[in-house]
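In the two complexes below, subunit A is the common chain; its partner is subunit B in one and subunit C in the other.
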Partner chain A sequence: MSAREAIAGALRVALPIALALTVGGAVLLALGKDPIDYYVFVVERGLLSWAGFQESLTRSAPLLLIAAGLIVAFRAGIWNLGVDGQFLLAAVIAAALAPELIAFLPGLLTLLIGFVVAALVGAAWSLVPALLKARIGVNEIVTSLMMSFLGISLANVLIKIPFNDPATTVPQTRTLAVEDRLPRLFDTTVHAGIVIAVAAVVLVHLMMTRTAFGLRLQMVGANPRAAQHAGLDVGRLTVATFALSAGLAGMGGAADALGVLGTIRADWDPGYGLLVVPLVFLARFHGIAVIGFTLFFAVLMIGGESAARRLGVPNFFVLVLVGLLLLFLAVVEYLDQMRRRRRVA
Partner chain B sequence: MDAILSPAFVTALLLGAVTAGTPLLLAGLGEQIAEKAGVLNIGIEGMMLMGAYVGFVAAFTTGSFWMGFAGGAAGGVAVAVLMSILCVRLGMNQIVIGIALTLGAEGLTALLHHFQFSRSYPRLPDVPVLEIPGLAAIPVIGPVLFAHHPLVYLAVGLVVLLGWLFRRTNMGLNLEAAGQKPGALDAAGVGVIATRTWAVLTTGALAGIGGAFMATVGAGLFVPFMTGGAGFIGIVLAMLARGRPLWVMLGALLFGISLALTTAFQVAGFNIPTDVVHMLPFAMVIVVLVLFARHSVLPPALGLPYVRSDR
Partner chain C sequence: MTEAAVSRPATTTGTAIALSAVTKRFPGVLANDAITLDILPGEIHVLLGENGAGKSTLIAMLAGMQQPDAGTIAVHGRDVRIGSPRESLALGIGTVYQHVLLVPTLTVIENLMLGGAWWRRQDRGAALARFHELSATLGVAIEPDIPVGRLALGEQQQVEIMRALWRGERVLILDEPTSMLTPQGVADLGRVMQRLRDQGVAIVFITHKLREAYAFGNRVSVLRLGLLVGQLGPDELARLTEAEVTDAVIRLMFGASEGHTDDADALLGRGRRHHSSALRADAPPRIALHGVATEAAPGECALHAVDLAVRPGEILGVAGVDGNGQKHLAEVLAGQRRAAAGRVMIDGRDATAEGVAARRARGVRYVTDERLGEGTIAAFSVATNLVAKEIGRPPRWRHGITLWDRVHAHARESVRRHDVRTPSERTPIGRLSGGNIQKVLLARELDEDAGIVVYNKPTYGLDLHNNALARARIADGAARGLATVLISTELDELLALADRVAVMLGGRVVGVVDNGADAELAIGRLMTGAA
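== the complex of A and B ==
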């Protein structure tokens, strides 16, 4: 790689982020808030303060698991946009199951079962879009989104009726005691979910780039018809991709439910799914690169949450930033293509 | 069970279905136009939401529902302009831009709402209703069919108008060609980019009016994220309708009924958790897709940017 290419590569990442933060700052300015104050506060709270940094690391766990799932799907050319439903449904079922199991099973086994069940729930929730896509070729964007809305409502029904803890006034699942949750790392408040999440991202990256199965998925992603001609069972690979992707999102739900919250309240829906999409694009579906971007975004979220309380800038601002980030990513990508085309021509 | 069949219940259900179905109808018709021209408009949710916000602000400041719809159309078109420049003219990925626009519109409208209205939550006055003299007095059928805001009748008129446009005019054929075989349209001397740009802008206007209807006539106020997936349902309607506006209307009515069940159950005195009722339209979408998706037909060039040199 020449120095010029390296600079171009760095610009492809830095430019969209810088543009999104600048235009986002202009929005803040228009609303009568000082953007410099806001960004400085976010970095101080999310990154530079020890408590905030631990929170950011903790928040990275579910985001990374979702990112791992999206990398599998996007590399295989499948738009799994139903992550939020898969995540929430898995989180609620894991949260409801763990307090029951802990009564007669050892703690680690309970947590392990919680993660496995969450992965299965997530995967099961992707079955309808996967089969519709594999069998009759229905566009998976729409179906996975619909299943997501359905899953979020179903999760709330589950919390309010079968899993409701009668001991509380607000509808929520039974609480898993703090000492039974995912173990903390060393002397920090960061739970072991981050280890699972980083391992998942690395494993997914190795699977996609180093194994025959990963290569098959990439072939389907690059050109499904060519893959079919090469003798691959595209339908089965589609279902497998969806199951893996949604299973990882489900594990993300377990990480939040069993690591941080211990109980899920009705109407809790963090909506991480679509927020992670630009991070995966920034990383160009690269598993190792996504770790850095996810941490950056977690800092933004955690810092943004305390800015919402202290500076009166509601957290919706993060949504604006994410939209802008995606937009500028596409624009920078386009300019880069133009530049290459000109050089060839 | 008597309560289910009571006139009050049926009237509430069907009346609610028309109110809830009208935004879906407008969004579905809009999406149909874009899809015919070969643009998969995932940003329609953002266009509706922007329309809902701008429409509410316009109606609230001017006191006129019609100004609200005009504002809604402007809001939807504003988002659609971005989409048409980035996706149609420059050929960027329609899905990425669509998600970006939806997220951006969600965040921006919620932010603006927070700074303007979150303390007061102002409401609009009651909706002016156009009662067709005589007919509106018929029990059940009268209020359901003949006593709505005039926009509802205009939306139904639009179904007829589009049906004629699609089949009988050059404009409709150009639209169809832009999605079926853009190269052929270009060769015939009609600009593909221009055709698709008009299609996307029209989608924005219709989706924006749909959103504005939701906020002004439907709810009487703006709530962040209030479209709640209605734009995406519009995409499903367009997918299943196979290019026919009448089918979009039937679908919109069907989904309108499932959305209206909440209020109707309350009228009838049933106590069903709202979450169960929220599941209905989406469950219906899935069931309908499983049963009928085999028959859905999408234009071959859907989602693909048109680049002249690749022709």
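== the complex of A and C ==
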């Protein structure tokens, strides 16, 4: 019985991945590419080559911070889909602030302030949807998405007008020198942001599973009426959740701005937020599981970017794979539900 | 008002619906016991009875939701089996339920066109023609193209009536249609019913309000404990005064003279309460409401100027037909709902502004009637649900950290002590039966720090055994000195447990009756607005 359950549990993860890779392979065949070549190339470039692996880890940092923010929100039943705006606005302000501060502050303090300010900027950008939701129950999916577009536009304006570096021809913020950015880990190209990101995910996981605050958030998410019945201030918890979620997304922006880029160009908007949403669902909002999925996705992204240059498979094929994965996850989940129901009946 | 009146009239020709010895059993309950009843065209036939008397079951069988275990139903002289709501509609039987079942975002005409065959083209022209025809029949004027959600509740109900008559005006069943309406809405509904009756529609009208039964009914049938216990025909209704009708009906509805035996009483936990020694007449009230009013969302019943006081060891029963402000009363007491006016006093101190957490710290406990809706979180474990109202407080939390070992140990202890049947304390509570969920709720609320307990329909939906257990716990709590508010729609329960019974009608406390020999009749009068 329990062995059967264990097998079923493993199948629930393995089967969607296998199906997604198979159907993805069929799509590649239809495009006239060899799927085996592609998959091998992606794994070699994204995971097995040392440089590629370091790049994948580096890419994971912002993704993980966003994932941590999404887990907080989703577990509390709040669909913060504004992470892209929160992320970019925080990244731009952190990138613009750091070169100014470094002139008279020590490097570590500058980076610390950069992260804190990024978190505050992200949180501030979530205030409108949070208050609208808490006060008059406006659907946060709509408002947070709208605020995301506004945030991205505002970030653009900030880069082009007040924060523009006059020394460059393309609009971008002043550049933080490479030696002033987040320190590298040991002898690698991976910056310390990944440590912050993993710590954030683990802390969020512990917060949700081991603390009173986390339990309250989950209660609001699972049954808001029961939360109210038990005397929780659902409105305040909603605002706190949004602030925490958006703050973590903002820190993700700081990780990229202060760890990798050093400057933000006006045309830079990676749109990580909505890419991470499916990963968080794949991990069923589980903090530790999301680390694995994020790394997997980062490998796909880095390997896929190389493959785009070398094999001519478009970059966004990675998104096709993630889409297929989600689709098959839903199908397998549905079949599993049917199986359970039949057994109960 | 004789037994002879119950038997079938000599001629059954022209009967819209004829029920013959219809019986329906549910596990442990005989919901309808050999009911023989004729529904005649051109009559408003009022069905009266307490909660659980069997009215809903009878209606469910006519609407095709349930099938009788024995007996026959004849529609227009032909024996039929009504296997589904669709078949019921096809027979010309339309049913309107207490709560509006329309799609609020669709327009009136769209709602009416729902339910046609999926393969057939929607014929808006024909639908509009039918709509205008029915509007004329009912004598109402509703704009067909506005979303139903923007109509007043009374108008929404008129749309429901139209939908019930959409396939032909023969039989219209109205299940407590007035409970959500304003007095004006009730008057409008009465006019609509009378118009339909005059055009030969057979109307079955279920209500709890005797005044409406007298005002609108041509024939009154009374159900009690699954039996048809009496009927007043058109002649009697015309001859008797309202007061005489009221007296006769209340005697039938609540009459203790015939019916159950002492054994049945014991099984149901009936019988008079032995007043607890903890109750002292001179003790100051633990909780009191002074002129409390609330604000209501559409469809809710708000409180108006409610005064109540409960002393330690006392059980104050709250009687009334569902939806007369009981929910708001419970929530105001628990701190879950703000009082818009008036004061809430706890132990002589003003607690009006305090929320659930602060009231709970003062010993207020609330056993909600919505066990799954708000009482529990279905996906959470039994253990978590047991501590859902003390999150963050010692001893099971330290500095905001959950001590899961203690939570689970506490749960194992509670599960054992309260005999909760669950595979494990980690089982999601949603998988348990209603009786066991109620045991968990009682365990959570009746902890050692409880002082004032509000129960809202604590035995609703429980089987006999769990019902008796829950009642015993309520009585034990009061004996321990808890100030108890027991809201119930079961008069038996209130008479068995309460020291005094407050009666609610339309959001007001219309009277408080000491539980004694004549309490039943007095409560019945107050409940039905007859007094």
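Everything below uses one rule, namely that the second predicted complex is superposed on the first by the 344 of 345 C-alpha atoms of A that agree within 3 Å, B and C clash if a C-alpha of one lies under 4 Å from a C-alpha of the other, contacts with A are read in each partner's own complex, and residues count from 1 in each chain.
Operating definition for what follows: a contact is a pair of C-beta atoms (placed from the backbone, for glycine too) under 8 Å apart; a residue touches a chain by one contact, two chains touch by 3 or more.
Since the structure is predicted, the reported quantities are computational estimates derived from the model, not experimental observations.
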Aligned on subunit A, subunit B and subunit C: do they clash or fit? clash
Go through the superposed model and pick first if A:223 touches only subunit B, second if only subunit C, both, or neither. second
Quick one: is A:277 in contact with subunit B, with subunit C, with both, or with neither? Answer first, second, both or neither. first
Partner chain(s) touched by A:154 [first = subunit B, second = subunit C, both, neither]: first
State whether A:141 touches subunit B only (first), subunit C only (second), both chains, or neither. first
Tell me which partner A:195 touches in the superposition: subunit B (first), subunit C (second), both or neither. neither
According to the contact criterion defined above, which of subunit B and subunit C contacts more residues of subunit A? B
Output check: A:318 vs subunit B and subunit C. Expected answer is one of first, second, both, neither. What do you get? first
Using the touch definition up top, name the residues of subunit A that touch subunit C in the complex. 210-213, 215-216, 218-219, 222-223, 225-226, 228-233
Give every residue of subunit A touching subunit B within the complex, in rising order. 27, 31-32, 79, 81, 128, 132, 136, 138-139, 141-143, 145-147, 149-150, 153-154, 156-157, 160-161, 274-275, 277-278, 281, 314, 316-327, 329-331, 333-334
For the subunit C and subunit A complex, residues of the former touching the latter: 335-336, 355-357, 360, 366, 368, 370, 373-380, 384, 388-389, 391-392, 397, 400-402, 404
Sort out for me which residues of subunit B touch subunit A in the complex. 40, 42, 82, 86, 90-93, 95-97, 99-108, 110-112, 114-115, 224, 228-229, 232, 235-236, 239, 273, 275-276, 278-279, 282-283, 285-286, 289-290, 293-294, 296, 298
